[in-house]
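The block underneath contains the structure these notes are about, expressed in structure tokens.
We call the chains A, B, C and D, going by the order they appear; numbering starts again at 1 in every chain.
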């Protein structure tokens, strides 16, 4: 544990061991240290919010847990199983699903097809059966389509069932991405800024959806969010990162009182504002404003491919 | 095409996985098949059969193969012609060296050999993406060309390097007549197309499209990206291989490696760009376009300029025209002819309304 | 031993010509992220225009400048009608577009200047030129020198001139560059013109070697492995890559070729390229982009 | 299918006068005919009259096992839909009454102690809870929640529909059939009730007037505004069992326009605002501006003689086809036809049949709609 406040609020464990436990995670891109010695626990069935200013390393944490990044040091324990690194596919098999900061839906496919891809790991038929449309192919297709339809209903996406996702509004695309993750029936759901760039009502319905997932399906959720109101409303547990370190860890109220958190927040708010003025690719600090995020985060994705050597600012954009 | 969907209620999730969802679409397809199998043989003359319809359906099949890889799985390849050559030479040597093997089986083996070649060419896609694949598939193209030119064994050690295919016998019946070759080609193409139509609505196709649209996300939801890509290479190349075998056997009859040079690969790539990436039917539209436009041009040319028309010039204008078309389609309608058709259909479906 | 050295040097010098083609390629890739398959056709077009002009009695330099002007016009057209409409489209789409472009350019070039082979004499006679124990072609040496100058020139240009600087800015971080008020269309027009110039020079050497004809556009196929080995976005890489390909190709032809029966120069560089891809996907000098989500 | 056109058919159904009797008669006469069609999770489900009767019986047993007795009232806060209609029939079988309206609204009085309630979803549950707080109602004996099954815990009074079906039926036998005089529907907002007899009576008049008979595909719009349910129950439930047509519901209010295309109904039941929405949407989808096509279309839709009249006839047919009314014979405007209904006729060439208080229903229920 990095800070006294964190160890102080070492949240009381239930009968089970924590579902997720990070220990001494470090990660650096070239010269930029994204994460330095981060450790925290996530209990089963809780909603844990990871907050912090831009460049605090929030997204990097999610990317490490879901196997997209490989940490330079430290380990992740999921469901009692400790590991230093895993491939994305393996984490999926373990029951971890996620959404991305810059929407990562399959734009060329319909909403239903997107949800169907979420069930891919449970699909019990060989490609040959599917090609010849024989054997288990039909049964599997029927089962998974039904499952996907349940998710579709759960998220009230029926009106868009066959619409190409690329043509949907931003908020809906986020919803579809959530649906794809849900279709995998995960134990742990990682949400990277699920409400970025949404208007008030979209945020409202999204937080309701998240709460429903947590309550009705009992899914454990770790989410990154900038909107403090949302965070305080829906999360049971808040972890605050700053410059790649944990500066706060506890219940929303505990965190609210925590002095270092406030300092980190106010301090870095200023610094973040500067980076923003420096680089177009920089992300937005809270409260996020829809148009601005749409403007900034969408190109940020293309910048990732175009820019060979990302400047610190643009890395910050994605963390 | 003024559809009425009344009463077509889907009561089973498999209806959503149908090749053609609406009754009307199924009827249209049926009509096309009847025309192809009954009307055409009744009316078409040998020129149309051998010079247009056979190459049309074969190129459509090859285009379909490439479309599976590029249009659905998002892996660009300029080695299609190479894989076609593998199919043709394999089929030839199977028939030559393993007497008693039925023709269709030889074609299938040609496809399998091509599939293997395809997987090998696809292996680098483990490490590399996008147009880097152009390089590896080009490598495959050149290597294959070289192998078949260099090692005469494949062409039965005959000095000219030309090989002539044996009589075409299917199920004991001779299929060497123009009509026979047409029907043989058509049957193979239709059968393989029917199979391909299963792909977009199946998990197989969804995995491909997922990898195409966003491979990181695909990996995160548990899709084995490399295996998926390789499978795409295998199946795609199988189609190209069979197409190659048909090209050699039912279209050319006598061939050497030059039948499958790089330009053929580009031709097939153009077929799917113009016809429509990610659309099975697009491959057919593109192929028809690719074959008919040049013919129309030379006819128009000789009609306008009288007999004295320089074929070289025609060639140039053909090139320019296709180049312009490629660019135009990529800019205006990446979905190609298939998308244009679909659009027209959807508009007709809700006319006079603009949206519904 | 001498034989080996001669083959090696000969290969290296031949490689220089590949590099020249590759450099034009790199310029465009750096500035607009386009994998420009049409580079070969540009080269053909430039050479063909130049030759036809000289055949019509223009002096070397006049023809050279006129050709350059033509290439500038072509660049403007390409920027306006190809790049601008396709901005922010997938790299694969852009690649296929340049494929189409190459067809257009070739078609136009031959429609304008005819399809027959034109001889081209730069007045550099291809006589052996003894260096110590071995002797190399004087032509090749001059080609090498020119390529060297080209690289140095481009390096200086990129380092000093305002355009060069903004060019680098674009290559490093397009969004940042945009926010700094760099005008991409302008950059693109310039870069494609520059690529045209490089293409012209390369075209002259190739042309005087093998005659100016349609097949000239196929050198692009030679350039591709060069790029993969050197890295798409490094001019130095293009130079080194070219040398490597040239040398290994010749050596392979001599030492491996006869074992497998020759004719391997078509695919050997590609095999080499794939091998290097497996080891260094970004190429020897290429920057490896970090994948961020 | 032989015409079971309304009043006359009462004869060959043994002069049925209550909902249970009519339902039984339907099951006996046309047991295999489709009674109910509804789309859920992308699939169309259909239920024959026989199946429907069996299901209603099961629900009725479940209800009575949970203490629902003749004369009891079920407070309903839900939009129109297949499940609500089933429950309604079960309640009517038991001789109970449906208490409709907006619980949140002023309607609820201290007089009615709410012991039974049906909620569409958790939101509705909350509303009902609040309403009961407001009037200080006693303990809830049974709550039925249609959506959010997962949320229901055994401890609470709330059951999912399936749970209700499973309640063991060896419990007390069903009470005797209700009499025509039994109160069946109570409108909260206007505090007026409708007996089963009067209800069915008005239904027969509606059928006779609108000329709707069995063998028709009837599409019940889900998007009818806040008073959707009472309006639909009052207008549709009776007509349904009396006439024996096949009643269809779309998946959600939002998907209705597509679902309608798939059903191709002969009759649609909508309300003024429902029709208004459809007309507005169609109008705004028509080609606009000064293009030749746009001009011709708008001019011909506004009517006129000669060629335009012809074109108009064609256009109208086409428009009906496109919005999924290709087979439409009758449109019923529940609660009276106003401007929107007129607009509907102008576009689709069929005048919605206005049905409201004047059609012999006590004015009170009319005010519901």
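Things worth noting here:
Definition applied: contacts are C-beta pairs under 8 Å (C-beta built on N, C-alpha and C of every residue); 3 or more make two chains touch, one makes a residue touch a chain.
What you see is a predicted model; the values in this text were computed from it and never measured.
When the partners of chain B are compared with those of chain D, the chains appearing in both lists are A.
More inter-chain C-beta contacts link the pair A-B than the other of A-D and A-B.
Distances between chain centres, each the mean of the C-alpha atoms, put C farthest from chain D. Centre-to-centre separation of chain A and chain C, using mean CA positions: 44 Å.
In whole angstrom, the spacing between the mean C-alpha positions of chain A and chain B is 41. For the pair chain B and chain C, the distance between C-alpha centroids works out to 33 Å.
For chain D, the set of residues that touch two or more other chains comprises 42-43.
Each of residues 91, 291, 293 in chain C touches at least two other chains. Residues of chain B in contact with at least two other chains: 12-13, 16, 216. Those residues of chain B that touch chain D in the shared complex are 2, 4-13, 16, 349-356. Interface of chain D with chain A (complex): residues 40-43, 148, 150-151, 251-252, 254-255.
Residues of chain A touching chain D in their complex: 112, 145-146, 149-150, 152-153, 156, 158-159, 161, 215-217.
For chain D in complex with chain B, the touching residues are 37, 42-46, 257, 261-264, 282, 285-287, 293, 297, 315, 318-319, 321-324, 326-327.
Looking at the complex, you find that chain B touches chain A at residues 12-14, 16-17, 195, 198-199, 202-204, 206-207, 209-210, 212-214, 216-225, 231, 235, 278.
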